[in-house]
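In the two complexes that follow, chain A is the common piece, with chain B as its partner first and chain C second.
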Partner chain A sequence: MHASFLTHARSRYLWIALALCVASITAYVWHDPGIAPNGGTWLGYTLGTIGALLIVWLMLFGVRKRSYASTLGSTLGWLSAHVYLGTALILIALLHSGFQFGWNLHTLALVLMLAVIFSGFFGVYAYLRYPTLMTRNRDSATRDAMLEEVAEIDQNALALADGIAPEIHAVVLRSIQNTRLGGGVWTQLRARDGSDLAIAKVRQAIAERATQSGGAGKPLQAGQTLVAMVDFLAGQTDDRQTEALRKLIDMLSRKRALATRVARDIQYQAVMEIWLYVHVPLSFSLLAALLGHIVVVFFYW
Partner chain B sequence: MGERFTIAIVGSGPGGLSAAARAAERGTSHVLLEAEPHLSNTIYRYQKGKYVMDEPAILPLRSPIPFAAGLRETILGAWDDATARLKVNVRHGHEVSAIQRRPDGVFDIRCGNGATFEADAVVLGIGLQGNLRKLGVAGEDLPFVQYQLDDPDAYEGETIVVVGAGDAAIENAIALAKQNNVVIVNRKDEFARAKKGNEQGILKAIEDGLIECYYNAAPERVEALSAGRKPGRMILTTEKGRAQILVDRVIARLGATAPRGFVEACGVTFPSKDPASVPAISAQYESNVPKLYIVGALGGYPLIKQAMNQGYEVVETICGDVVEPADAPLLKAKFASLQGFASLEQALGQIQRSVPVLSHITPLQMREFMLDSDIRTPADGEVIFTRNDYTNSFYSIVEGEARVAIEGQAAPVVLRRGEFFGEMSLISGRRRSATVTAGPNCVLVETPRRSMNRLIASVEAVKREIDRVFIVRAIQSRFAPEASVAQLAEMAEGATLKRYKAGDIVFQEGEVGDCLHLVRVGSLTISRNIGGRDVVLTYVAAGNYVGEMALMGESRRSASARAAIATETIRLDGDAFKRLLNRIPVLKLRLQKEYKDRTAANLAMQALPGGGDIISFLMAQGAGEATDILLIDESLCVRCDNCEKACAETHGGTSRLDREAGPTYADVHVPTSCRHCEHPHCMKDCPPDALRRAPNGEVFIADNCIGCGNCERNCPYGVIHMASKPPKKPGLLQWLLLGRGPGPGEAPYDPAVKKDGQAKKAVKCDMCKDQAGGAACVRACPTGAAIRISPEEFPAYAQSRR
Partner chain C sequence: MRWLIRRVLRKGKGSVSYEEDIHYGEVLTIGRASDQAIFLPDLRAALRHASVTPTGSGQYRVESLIIAGIRVDGQITYATTVGAGATIEIGTTRITLLEARQDYDAAVEVAPLDRSEQAAASARRAKPTSLSQTWLAKRWPSWIGFLAVLVFGLLLPMASHVAAPLDKVLRAAPLPSLASWSSGELDAAHHFFGQDCRSCHENAFLMVRDTACTRCHAGTPAHADPARFNVPELGDARCATCHKDHNGTRGMIDRDQRLCADCHADLSVRTQKASSLPDIRDFGRDHPQFHVNLPAWGNDGTFTPKVTPWNATLKENSGLKFDHAVHLKADGLNTPKGRKTLTCASCHTPEPGGAAMKPIAFETMCRECHALGFDTLAPDRQVPHANVGAVVYTLDEFYARRALEGGYEDARAPTIVRERRRPGSPPLSRQEQVEALAWARDRAREAARTLFTGKACVTCHSIAPPSGPEGDWRIAPVRVAGAWYTGAGFTHARHTTMACADCHAGAERSKASNDLLIPGIENCRQCHAGGEAPDGKLASTCIACHRYHQSDMLTLDRRR
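Showing the complex of A and B:
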């Protein structure tokens, strides 16, 4: 039935990758070139060739992913192989280098490769963790439906506020203008929507109203809850307005809950996508560095 | 009495209009009576700018009125011109309410507006749209009460009452609520009749206070007001008493009354009660009432060109001229492979004589049947269809023989001239249960599903005969390897057909079992009451039997069986079954083994906490009628939409799948995507029969789609869309390197193409039947979240989810 890219085909590619690793280690241990192991020995060349071919093939995943009519395996199989063989590349490249590092192009290529691979690890982590979180957070609604509802609450709140007082109306309007869902990369990842600010403002406005309407009753305390505040107002303003205020706060809280869900939804999606913006450009730099590495080795050694 | 004409034509659709035009051209005295103030109401009511198609392309047009594929406006314009040029005597606003044939053979025709006419012959071409149902209360015809809504955006700031609870009422109410104050009046306390999406939409709008709803309410009267801000008011009777609403407008969407009642009142008989049946008419389109002719959609011909040809031919017939029907050359071509027939009639008669099941049908039905069918002369040994194919056509053996290889049986069953096969898949909507190969000198008539179903619906005798054979064969294929035909005859004798609606109980846990059921159409769920809760244990698809457990072991039902969807079973008598078992020990052994396997599977399911809940959830989504459904595991889905992109990319730029929309339960998400139903609702009403089923089960839309949108409306799962053909897209490399055209998975954007009147056709999932690798959505999913499975796999699937 459903199988993730880690368990696909009974983790066939995990076993292939392991076999590749074991073979490389055996060869490395067994091989005695007489000098310190490095990329210039025949084993070094062999491992280097395997590694370079693997990198090219790993990059080709981006092409395969977009060749929707391709009959060359499934995207799932490709990703499974991508992940396991890509991980095996760490070992192969290290053995190829013979653990000789320096401040040079060769080591730069290695570092870039490791960066690509570790960003890949993060991707795997994100792919395993975030889908479930997202499903729970959505609770069967679609993002569009949630956004629509937010917009609706905004409209209703505005209409309601209009009937209460101009300053409340202004506060609600400002809060609507301040609600920005999505936005830049950073806002997406932070998952905040600014409703908190709005509620605080309404609260403040209510408080101000309370003090204005002649401090007949008890003075308003700073840390009071919204509901308590409305009850407090009930003693001072007419009933209809209190009811409306209660409704308004109810609406704004509902909106806050919803907006938080939307923001979180966007955040999850952003996390699942954002790492690719590291993984892919780095892999292109890696390809360039790899080319440089090969050219240097063959022409200037 | 009123004016007298030779021919009175009722209805100015393509059929009636063509008849009237021909009469005018010939100079025959005639009158064309049309209820509406314009011609051809059905076509007039098409969407503005609709591209009308002239299927079937091979059929020549025979009419003084021009018709070729083109825009609705162009066609209607040409018809108006031709009507004026030929001086057709058309009377608008004349809705015919009664047609009576006097003893002297002259027809009396009465209209709703009081006008009366006399005619020697009547041509009835009123189509199938019927009359819109009215409110049925005082004030139903006031100017602000309307029964149609073309453009919801045309109204603003009004108070509008929408009456009705169907899809049309809901869609109107929601669209109007954007700019108006909308009240919806529902006779019942729910909107269950509507599609799921519409139901959710209206409930949400009501909850949000966007639309006000009166449940369990009915209009009592509508009144015009002379004073005040609103032109009228509507009085409702509700549970809590009377309510009054001041209104600007009342829109009632109560459906249409089928024209059948009116047609029957004219004396025309229908062959069966089935709503799909059409009146029996002769090869000259004459009904059982002499000189009363029926043309067009009403007579079972749902396309414009057919209707126009018939209108022409009918007038020729009435005037005493013999015409060869326009489809005769097509029919003749079908018989080209058969030698030795002097005339078409002889050939048709010959087939009817050799195949008894066809002997009951009228000559016109036979013509129609043959027009849709193909004559096949397969070589000895050629495979006609293979077991497990999803094809659903019906075969009659005209000559020679055919061999049916049934699973588990050594010798094939030989069918001879006059017999038929293929009825199993036709009825059950499931895979072929056997492979059939041609014998020597085999001549077959292959009939597509729609024509056969129409015949079954219209001719009771055909239905009876096919059902009888179905029962015998179904019993044989189940028990035959062990039992002989004679031994099974007794069981077939006592077998009855049972019909269940979705959710109906077939039998209940704890009852004494006195019968078993073979599921013939639809499917069942088997459940058991555990701790006061109904726990679904398994799903039983058509072709399987249930209820044998109580007859073999315990005498009480160990579980309940419930219809998952509309279902038909063959009920087999328990005593006859027990006698059969006692007579044939081998059969008993086999069934006992199956019985053990089932019990074990049921126990395994029962042991899983909540194991059957996933099955229940899937059934609630209508998956019980699916043959192949796309499921997404939301704990794996990274929302990359690669599935949708793959679909769009392999299907001309529009994705046929909406990944996000759809319900989710325990991480199992049912996206909005075609399930390739056993009995596809979308096939129900397709004029050119463009919806087809491929051998692998894919329900797809062929090129002859005329874009009428019926299938879009009929699919309860909302997976069909109307789209025009997109421009060709540059390849992936060109996009990558040169930035040409839209990227992979992006919709083609070309405003120039959108504007002109491109033919919109229906598009839906075809399960990538033309893609070498199979369903692109599944193959493009990088994380393994998307799979396609068939309902038989649901129990195993539910277990795998734990």
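Showing the complex of A and C:
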């Protein structure tokens, strides 16, 4: 098994980050500025400088990640350091602030920094948890292969349904139209493939049509599933058609299982990406706040 | 009704031909069944998929005949009314509704979708399968966040530093103003001008200058003359070296012992012996004995208190004779108003500020018992206190009046004084007046001598007789220095939880007023430790008793 970014190089950056934390805490406890600890003491300036340099360096990870030709350490090593030193930054920034907070630009920078780091924690969690789930869910297929299989099943199901009854054909057609893999942000994150919705709509449409045609045929009971509906129709057909229906049901079930897997695949991918849409933009807000913080401190020295 | 059905036939690359057909009927049916007006051999079409009915005025009613619905203009629908130009898509076929022309009542065009059109259509219908295909983005929110924080957090407030009216606008609007730059609450005393950052931060990127402080604090005493005492800590110090604002409402005063001890630990070395002050490091461990301000008078009689190192045998000379032991007797004293037990507070009451005690006042504290009466025949009459001239004057007047009025029942007095004047009796002759007034003068002198040397004044004061016949009685001055510790700011107000005897031990046994009842340093050290209090005492840094701004020669802006 390959080393995770947490255990990269025998957790070298964990130890570096821990050493940094211990050194900072020791200095903070030992340092007695006479007044309340704050960013304006020599230790405050020192910790602030370390913190600012760390923030800039952590943001450079975004550049390093894209520099495929770079030989300046492996990307895995950079990520490992990014995670551990980013975590250490919480402590360094809090000690720098002397735990003084207020409604001001300085605390805004701190809050933005914490938001960036904690969104990063979610990223760590997602990177540790979801790749395994994703591999298991795909079951050595690819998403494109699964989608192709879905399309193939659709074609075969249509052909099969056409041989049974026009109503069944229409239902299958509707089901194909309603199977929507993917969608908006929320849909992707919730892994909804729309097939449940399709079944509900199909049921509703059939019930409406049964009512409109003056009660011709038994109206469908609420709560009946697609399978039950097919069974209901099958009651009026001969054995050959029943056999075909069984086959159709198998086919649709397989399709549905596939669709669910694709939706889950999309979900895992979305969860692994969603935090970056917070992490990256907020880190740029943080960069501006940090810039402001440093300029302001010396502007009003 | 005549329908024009125009079929588009594609042959090879880009070559297109048309085939026109006429359909008679009110309704145009579409489906995979062979009886349909538009026959679609496509599995994705139902046998009877949809119907189109012209509604007149160029509109068409499109209805789906199956539960799957029909895609009109890209939207799945069951029934809709559309105008000419609308398209219906079924499988790989596109049916466009046309305007009726020439002698037709309605017209449609049926065209197969070619491969690229099919791909485009399915791509159009495909939903995003990754977040990067949705509205979510990283680039523009990053720019917006970066610029918003930079503009509202930094640039706008910075501009309002230069253009004051902008600051007013920002503060009125719910936008971050210069106030959002404040790293912490200002000291309470600075709140009244704290809205205007520029009152202290005059120049951008320059530290707050002392002149900004002395605009208000001009008269504040300086510490010591940096020209005389060549200590960098004194010469280079800015106000803000010690006074760092934005550290809370009571955050301006730095009480750190090091502020003092850094220099005073070896002051004579640091100042090349310019300072004669003893080295002090810590009140608890390394502080010299207190100095007390003992009352003393110069040769010309002026009060010149003498600062003297405290020791246990030190005596003070306030000029007063007073026996604390007698007055503080536990079983009380006989007074004109009965038995009374005195306590310290009977005479020693704090000044309004609470730091020191009010001076002892004869009129309110002593006269009740120590009445200044002088004549047994007029026991209610008393002389005033403190003013020798007024005492003599009072006696002269009293006896002159008695002599002239007569009726003074004293066996030693002449007849003319003893004799009561009656209404209608003749006035005293010149001779009689001279005789009576001579008696009065002698009697007044005798009364004065009795008062000064016998029973009244001498009880508490040192008395010297008049130097000549016309001279006055002389009373030694009485006073204390007011503040016993000149270099420190002791206040009774902060020690009210203590009993008097806790510090002024032995007062109730003191028989002589020259007993110094002011304690030395060991008394304070019972409770107060130095900068650090490891043994459960009260940590007291230098600032607890001393002031930094204490020079009596220099103020912050100039020499006095």
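Rule of thumb we're sticking to: the second predicted complex is superposed on the first by the 258 of 301 C-alpha atoms of A that agree within 3 Å, B and C clash if a C-alpha of one lies under 4 Å from a C-alpha of the other, contacts with A are read in each partner's own complex, and residues count from 1 in each chain.
Here is the rule we use: contacts are C-beta pairs under 8 Å (C-beta built on N, C-alpha and C of every residue); 3 or more make two chains touch, one makes a residue touch a chain.
These figures come from a predicted structure and were not determined experimentally.
In the superposition on chain A, contact is made by A:75 with chain B only, not with chain C.
By the touch criterion defined above, A:26 reaches neither chain B nor chain C. In the superposition on chain A, A:5 makes contact with chain B only, not with chain C.
Residue contacts after overlaying the shared chain place A:49 against neither chain B nor chain C. Judged by the touch definition given at the top, the superposed model places A:36 against chain C, while chain B stays out of reach. When chain B and chain C are set side by side, the one touching more residues of chain A is C. When the shared chain is aligned, chain B and chain C each come close enough to touch A:269. Once the two complexes are laid over each other on the shared chain, residue contacts for A:287 go to chain C alone; chain B is not touched.
Shared contact residues of chain A with chain B and chain C: 143, 269, 273. Taken in their complex, chain C has these residues touching chain A: 32, 43-44, 46-48, 66-69, 76, 78, 126-138, 141-150, 153-154, 157-158, 161, 176, 179-185, 197, 201, 204-208, 244, 247-248, 251, 254-256, 258-259.
Residue ranges of chain A in contact with chain C, taken from their complex: 34-36, 38-40, 100, 102-106, 108, 112, 143, 155, 158-159, 162, 166-167, 169-171, 173-174, 176-177, 180-185, 187-188, 202, 205-206, 209, 266, 269-270, 273-274, 276-277, 280-285, 287-289, 291-292, 295-301.
For chain B in complex with chain A, the touching residues are 208-209, 631, 633-640, 642, 645-646, 649-650, 660-661, 663-664, 667, 669, 732, 744-745, 771-773, 776, 778-785, 787, 789, 793, 796-797, 800-801.
Every residue of chain A that touches chain B in the complex is listed here, in rising order: 1-5, 7-8, 63, 65-71, 74-76, 78-79, 126-127, 130-132, 134-135, 138, 140, 142-144, 152, 156, 269, 272-273.
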